[in-house]
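The structure under discussion is supplied below as structure tokens; questions concerning it will follow.
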């Protein structure tokens, strides 16, 4: 999986090229493919509760990869993504429950709706920078929540269910569970794949340039706003799909939870920070840590929900200060391995292959 | 004369970028030493290292017998080191008068007070209350020098005082230098204007790519020596 | 008349919002640190007051003297012990630390105090009012809050403009490295600034707790309101913060009145919309310097 740079390499006789892979990255990719394949056949070998746990983990991985794409690579540190989870949830409600659209199609629709809505959001949010941008996205998420409550027909003030008669008609329980599972796998693996592809592309290169030095990037002719907007809309749409899927799984939708900053943003951020911001592997590590703390620790010590937030919050704050590149960063300083082929290196005669 | 400032084998830089390599330099009390060199030679880095804004990765700096390396920048002012930074770096939220006053923050007593500084640069008396952001280059430089003097330093470091200023303005500023050092103050003057530097200095160092390439008294050095040391040809 | 009343209440509410916003504005102005835990710290202040009252059996007014110094100290230590390490080019670490801290505080309060609504009692002052006309009366307590806000902001302005330490604050926020060259210990100053920010937000929190009830989950709303007040008023302007608070307060009370009369929008939402409008059409704020 190498790519040749343009005409200049032809001129030098094609002896230098930009390589985006390395032996460990190639191996890592094959491992990832194998893992995905193994996970895909899980429904056929049983393990219902494992399946349920995995749905939770995979949906969080999907959200984590997208937040990482925005905050770690594009420099768009958002704490407002709960807006899109909520909008995704209510799109599902309106489409599947109220209008009989197939729930999985509704998930796709949720993605489109969120991607489209994210554009005017950017119009406002992009006027702010850094910490103020972050709070701005939170305000906008609150606006979405409050507007949802204002729209009478949505009945967002009440808890609503997806029923067998409407949304879930045509699927039996096991079928539904399996399809939801495969969808979550698709969203998580897809999110990872999308991030890897973006980073390998020219868009990814532009993103990193903008993040490193905005003025310099502009000077090179990179349209900063357009670059950011594309990634913003992509990530928002993906988070919308994930939000819709989560609620298809829980079959229950209520505004405070659907638009919850703690559930959909704080946890996601903690996951990415602990795993490693700005790396494609970080979120995967983070999700595993999250699961250990979430399920295991709180079970063993008989702690309830707020403790999950306290422990993860403290961990995340400490990591942010003392280990900014997360667990992945630690591993890297041990042995610089790469699991996904996203870095670019110059290779050629005289240079190490 | 004893050495007031002693730089020994100094390595310093910014992050991964090393700017000074094994630099050794002496300044005796009461001397005026000029440092010349092309852009990027490391002159500003050297002054900032002495002032404490740049961390040394090797070697040492001693001032009046005291090791500076463990001393944070804000404490070095109290010892008697004052830097007039490259580009003036006045505080835009502060007026001219306030910029001068804050120079005295460290509280060192001495001949230099707000009044004596305003005597040195009478022009500033008229514009005391103006925001420092509205001043011309020459006016800013006067304030920057005055601000440094307010800390009654034993050693004043002047970084590229002539930068971006018209020749007449530069002449006027340098005309004030004898008064500045009259009380026995030691001065290190970094200058791109070689003529100006040679005319005020007791001794000259030339720097090239982070090292000393030439040193001596102005009358001992000839034009071609300086050119070679300056450009490294 | 309802509308006039709404506007008046909004102006008074603005005083409280200005109090909240002051700390946020100060921390950003001096340190470039956006404290996402700001709202949760206010609630923490309210709970500390609550515990002080039940432990020491004192009045709400006495709690100011207990809680404010404690919060100042916490702020100083938090800055020098934690936030200091996140300051730099990259905004991410400081956002993460303050956001994480906010979540931790919120949930720790939940664990310790439970989710029950609490209140701080100022006795009859809470309901006493001045009769302006037959239809309009103004509550004493909200007026006091507004006066405290104005006094605090005024005091801070005087401090910054006329004292040597205030001068040092301005210098450090202009140019940290050159300030060090003046002999200013910037770490100490950062600690002081954060201490003051924590102290003012504690004052705001105690007033909030006395004006209405409070619960652990309320922190984020206060952060958003404080932020909106700062942006509406204009970054870098203390009086802008007061104006921003008032504009937001009025937007909210008017919005609530609209909700009562017409059944839609609501105060908080209208406040958000006004904020977005300012962001869209005058991003530097009402009193901010046009960039």
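General observations
Here the chain labels run A, B and C in written order, and each chain numbers its own residues starting at 1.
We adopt the following convention: contacts are C-beta pairs under 8 Å (C-beta built on N, C-alpha and C of every residue); 3 or more make two chains touch, one makes a residue touch a chain.
As the structure is a computational prediction, the values presented were derived from the model and not from experiment.
When every chain is reduced to the mean of its CA atoms, the largest separation from subunit A belongs to B. Nearest to the common centre of all protein CA atoms is the CA centroid of chain C. The mean-CA centres of subunit B and subunit C are about 44 angstrom from one another, to the nearest whole unit. If each chain is reduced to the centroid of its CA atoms, subunit A and subunit B end up 52 Å from each other. With centres defined as mean CA coordinates, subunit C is found 33 Å away from subunit A.
Residue ranges of subunit A in contact with subunit C, taken from their complex: 71, 77, 79, 123-124, 127-132, 134-136, 138-140, 142-143, 146-147, 150, 261-262, 266, 269-270, 273, 277, 306-307, 309-310, 313-314, 316-317, 320-322, 324. The touching residues of subunit C, when paired with subunit A in their complex, are 28, 33-34, 36, 82, 85-86, 91-101, 103-104, 106-108, 110-111, 220, 223-224, 227-228, 231, 264-266, 268-269, 272-273, 275-276, 279-280, 283.
The touching residues of subunit B, when paired with subunit C in their complex, are 51-53, 72-75, 77-78, 82-83, 85, 89, 91-94, 98, 101-103, 105-107, 147, 151. For subunit C in complex with subunit B, the residues that touch the partner chain are 164, 167-168, 170-171, 173-175, 177-186.
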